[in-house]
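The same subunit A turns up in both complexes below, where it pairs with subunit B and then with subunit C.
Now for the complex of A and B:
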């Protein structure tokens, strides 16, 4: 057993996690009893897995005792299994000592990862997990061995959150690989992963990762409680979990941060947040998360701070642009012509000559066309990707203008809005701007700038009311925390950043002592 | 249920009460200039100049004139502005009005009649230029084409801005300044005037843009001096720059003689300086019941051109030139002030306001007769000029030429 396994198990037991694999099977009406009689156990298993072609029960003889190996052939490496079990059977055939199951393991499988199953639920669980379970006649426990692994995707570069400078690894679907990616970066015995199983039908492993002496205990308990309360049939991605643990469902803003970047997760864990790993999903959640998290990329900390601060400003501006630019266009051109410079007004007016629609209809047509294009672009097969983008660009950019259906300046507005909405480092944050944009356009069409401002006020009120695991969503802007401002709108040099975010109320608020400002060595005697 | 009903009601109210003042860009025409003449039958004759957006389109062929005009007669400007669709197809938007041309005949009778309407109305910005037209009808001024600026009024506005920045010849009087001066007891309004040179009939044709020479051109022609709301008279273009010296003129170009000798203007040699920065302070006080108007001008300058052979590497030359410049400014500004005192007897400079700031009690005593006080006041102009630079050449070749001749 590796160090990782020890830590993993230890904490699992310590927390006394109630939802264990055994309990999960109770609702499936599977009996729990493990018999000492091998035949009965075999029959029980056969009844359970009866029609599955990949379920195997192979009878063998170990240490002169009747035994059998049961496993799902599709879940493990059959060659490795044959090697291990065959060797054991071979070498034990020479001896005729009677051994109990622990001795068998010690003698024949000393290097294998293993687990004992003393009830039938555990046996089923391990079989489903891709273990080979060895049941020996007359023994009270079965031995589950981890055999060489199932196929999974290799670690690759992130596909949705790319950066230029920084680690190029990304999470994969396997939860153990993902946890190891984090452990490799944080060598700290207090880094803890608690696992639990969620999903009535899928029984997916979910792990909470945090650093014990940093993370606030109350928030951590809240995370545990919410995860325990999740009652769902199947968990296929962390997105399923996200919807159950959100503080508020009816909001366009994401209340949990998600990323496929291990370095980004490590950063969050070090700040005092909890990461939620879901087996089968390369996207890991962190909670609690605040609005400003979605404007920060891990690359901000790898590039010079001046550049990062500038880029952050660009992100905040882009957010506003993506949100209000189309509605500003509608408001200014239909209500407040006096607010535009004369030359600009004439230029826009000249382009709108002959356009048959009112400005609001015009912009709705274009925005919807763009949303359709975007959706088609994401879903279409790679092979036809070119076609859609060419047709899209031609239809949107040129044909519509030349046909006189929309004006040139509107195409610029829509295009700029669209590009600005892609600037957020976290893709699902742009969803909020996409949805709110349409409401804003309506407000602008009905009331002009007054309507836009009215809606923005409502939006801010909504934002202020949001909480993520009890932490105000707008922290550290509202409530305003001066100590945290060095890493919000600008990123000050790392050596100035001495504290963890105060709004997380961590157990060790000070990251490091002293200023640590870099400077050349002092010359003695006045140089 | 109650909450849902309430929510629906609020949303319905929100939608139903909206849109009442929305207007599509296709349905408006932007007014850029207005001209007011005396009407033949009615009180006023209003000409509105509005842009034809199709002409400004980059994609479609640029057809039609850049502006159209619409002439009506009526007894009030507001009435005319409201009735304009008797002939125009689109709703007119007045928020981009840039220039208001007022026929001098109207100005002589007084312009209070429509200033209030312009200031009161929300669509009008109060930052448009007010210009008095000296020749022709004001109506003609909004029709004169120019190949550089398609819209006559925008051309005039830009012209005024450039003239103010380049030579300091535009007093930058917009509606709000005009009204401020009108209600102030220590100041009377002035505005710029324009004159039309050439044939307005030809100048209003698009073809005139095809020739290099201008068939008709609008020029600035000095200041119009108002006695309250009525036009009192004019000051020349030179006087209008002198007026600007008293009003914190920022930039100008100044030509003054470098020597005292030489009698007629032809014999004199001149030096030309550019003033990039200048400050003015006005003081008004009483000395033994005699009002004194004092103008302190502090100016920096750099030499642009010289016609005399003085050695510009010597500091004495600069000192001499500075002294000459000071003398020139003092004389010319003093001349303009006394001319105004004698000819019009109205304080267009704001000396009364200076007194108001410096000696409030005294001003309260004289405020009703301030123009009389102004007319009998003693004028003191003191200028301080500092010539900082002499361009890219220190010694003029003229100096070397004259050195050679002396040898």
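Now for the complex of A and C:
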């Protein structure tokens, strides 16, 4: 047990809270009882929603019975509400038959999606979800009608993970739309989505998606258990969930994969992983994920395999470059001048002649400057974007060299490092190198190349000790699995890839039979 | 958690560990100087004997599956004598660990950091090893899996590099067997036999924790054979590139050989590659010995070893400095004293002594269980 666990033990959740809709509001001290008396129900609701301007209770008469429609005006389409509910109510007011709630639904709202709410919590829940709830005097149940939500952001091209060839859709904030994007691609009755509600205050819907006859049962149970244990105030993005379900918090490496590309998620689900959808977030998580996932883009599978393999090699190389290039510069120029080819050494030293700082300070200044520029570039309003790039490129890059603060080579090193760090297809993996880079520079400043090697070994030790939902993070490299190597450093042609990743222990490890190697048609008669 | 998802050391990992353990430090330090230009023959013969040795260790382990060396000692010699001999083994393992660590520190001090205090190197190295062993044997195995391609290909690269740089003189290997078999025998016994092959005794603490124990024998024999080939390869590079005279005088002959590499007017001074090979080799070697000692303590005092990793690690790094005043003294002890008075008893005599006792006791136990079952 680590120190962290001991310190934060008291925060651990005591109740094993699997939340069903009925128990949702228990901790908010809302009574659960639904009265048969309409007035009491009305008062209860009014007390709960109090001053909210968009909460409406409209009194109506249905089949000569006192009734009311309650809804949040901002959550649903008011025109549709008028058409569906109020008109129906009006037409029914002439009749004088006493009907119970089921008959009312059958007669007046036969085309609406509906749900019955037999307790007060459900009523509140449906109102919050944008349903119109009809409460009729003297009935034990309320009728919740789905009216149709307000518009969402339309499905657009992905903004963070763009590709050249392949599907251009991306996930949006609405969880139902997201799930439909996956369903449309995988037509399989075993594709299952389990939903649960997480967040004391936000009551966010979270869904686990997996294919029942592929996904390993133990890993799936682990995913379920971890999600059930999440005890958090508000869930605003899948990133909030991610922090709770990680195997280890103290690591710069992401232990869950996230993407906004439906095709990528489908690929992961088909391999035997579970996807975690969070309402309100266009980023969907998949678990368990391994290090090599972060070097793969879904486009790898849409382009010719030779090209994809080459590009993968480029990604691994640029990961190493982004990690060690600045520290190599420090180590070589401070400790091991003799390791550089003489010509290069001479030209570097000539440039460094006027620089007043040691190499470490020099590189720290420039790396920090770059980090500031990068952060400014992400957050600034679009209108002032030009200014930052001009100031960054001209003032800091060129002027710093001309003023003799840093050397030209160093600017090249920092610039190449920066570009290399953007190569990883998944953003939150590429940012993990940022932190490690600074530690490496420090190690290089203290111990030269020995320090760099030492830290890289420590990093690998840390990596192999990591697990993502029980699966070793460095699988299939360590522990080494020969069967999986066709899709790690290189991507072999798809027809050679017959098995799902063995480290996931799937229920059906064989993807397809036979080789299916394409070949030209046999010529008849020879010649 | 599902036991299926919790992995122990696999056969592949064992093979890699043995390979790095054997090759890592030996390839660089250079062995078999007594045999002069016939060192490679001596190493080849020693490899054969080494295979016999590991087969013998495997035979001992197979008598009591799942038990490590210390548990076998306790089983054979009784609680008190067994634990006493076990304690001696613990000291032996720790002493060898600190010797190996010292080798590396000297390399760094002579090659890279001429003015850095040697203690800082020992401590930083040991911190890495402590971190690794704290995380467990599994992590040691997997880390080696990550680094094996580099270690392997770098050694191959040095040979090709010196060859293409035109530095190799195969005449340096002649004359073969100029002084007969005498020098070769002298080189094998006791030096080559005990270092690196006899040191495999430390693996008697690791092999019992394999997932597939039954195949461990074949795998470890294959691994020893391949590492023997690799050591021959390295020593041929050293002798052909440096010539006999330089080779005998150099402290780190492979490093001196690698400095001769000059390709494309760009790939030169590849010291770093050598330092990396040695560094990882040393980490594995110290870890294996250190782990062996820790497991021994675990058997003796009956407590998990994790709490002891850090303090004992620091003790080892302290001793690695204190065991000898100078590098020359360190090397002399390594050649004159250690093989005779430490390696031979612990690697050969004690295991040989307990073999008859072990066979007899196992038989007795079997007979008893047979009787009970009848």
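Here is the rule we use: the second predicted complex is superposed on the first by the 505 of 527 C-alpha atoms of A that agree within 3 Å, B and C clash if a C-alpha of one lies under 4 Å from a C-alpha of the other, contacts with A are read in each partner's own complex, and residues count from 1 in each chain.
The rule is simple: a contact is a pair of C-beta atoms (placed from the backbone, for glycine too) under 8 Å apart; a residue touches a chain by one contact, two chains touch by 3 or more.
Every value quoted in this text rests on a predicted model; they were computed, and no experiment measured them.
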- subunit C versus subunit B on the shared subunit A, clash or fit after superposition: fit
- Between subunit B (first) and subunit C (second), which, if any, makes contact with A:353: first, second, both or neither? first
- First (subunit B), second (subunit C), both or neither: which does A:338 touch? both
- Query: Looking at the overlay, does A:83 come into contact with subunit B only (first), subunit C only (second), both, or neither?
  - Reply: neither
- Which of subunit B and subunit C A:218 touches, first, second, both or neither: second
- Item | subunit B versus subunit C as contact partner of A:448, first or second or both or neither | both
- Figure out whether A:465 sits in contact with subunit B (first) or subunit C (second), or with both, or with neither. second
- Message: For the superposed arrangement, tell me the lowest C-alpha distance between subunit B and subunit C in Å.
- Response: 5
- Task: Mind sorting out which residues of subunit A both subunit B and subunit C touch, each in its own complex?
- Result: 335, 338, 447-448
- Item | Complex contacts: residues of subunit A adjacent to subunit C | 218-219, 222, 335-336, 338-339, 341, 447-450, 453-454, 457-458, 460-461, 463-465, 470-472, 474, 477-480, 505
- Name, in rising order, each residue of subunit A that touches subunit B in their complex. 333-335, 337-338, 342, 345-355, 358-359, 401, 408, 445-448, 451
- Note on the structure: Per the touch rule, the subunit B residues reaching subunit A in their complex are 14-15, 18-19, 21-26, 28, 30, 32, 51, 53-60, 93, 95-96, 98, 123, 125, 154
- Seen from subunit C, its contact residues with subunit A in the complex are 1-2, 4-7, 10, 12-13, 108, 112-113, 121, 124-125, 128, 131-132, 135-136, 139, 141-143, 145-147, 265-266, 268-269, 271-272, 275-276, 279-280, 283
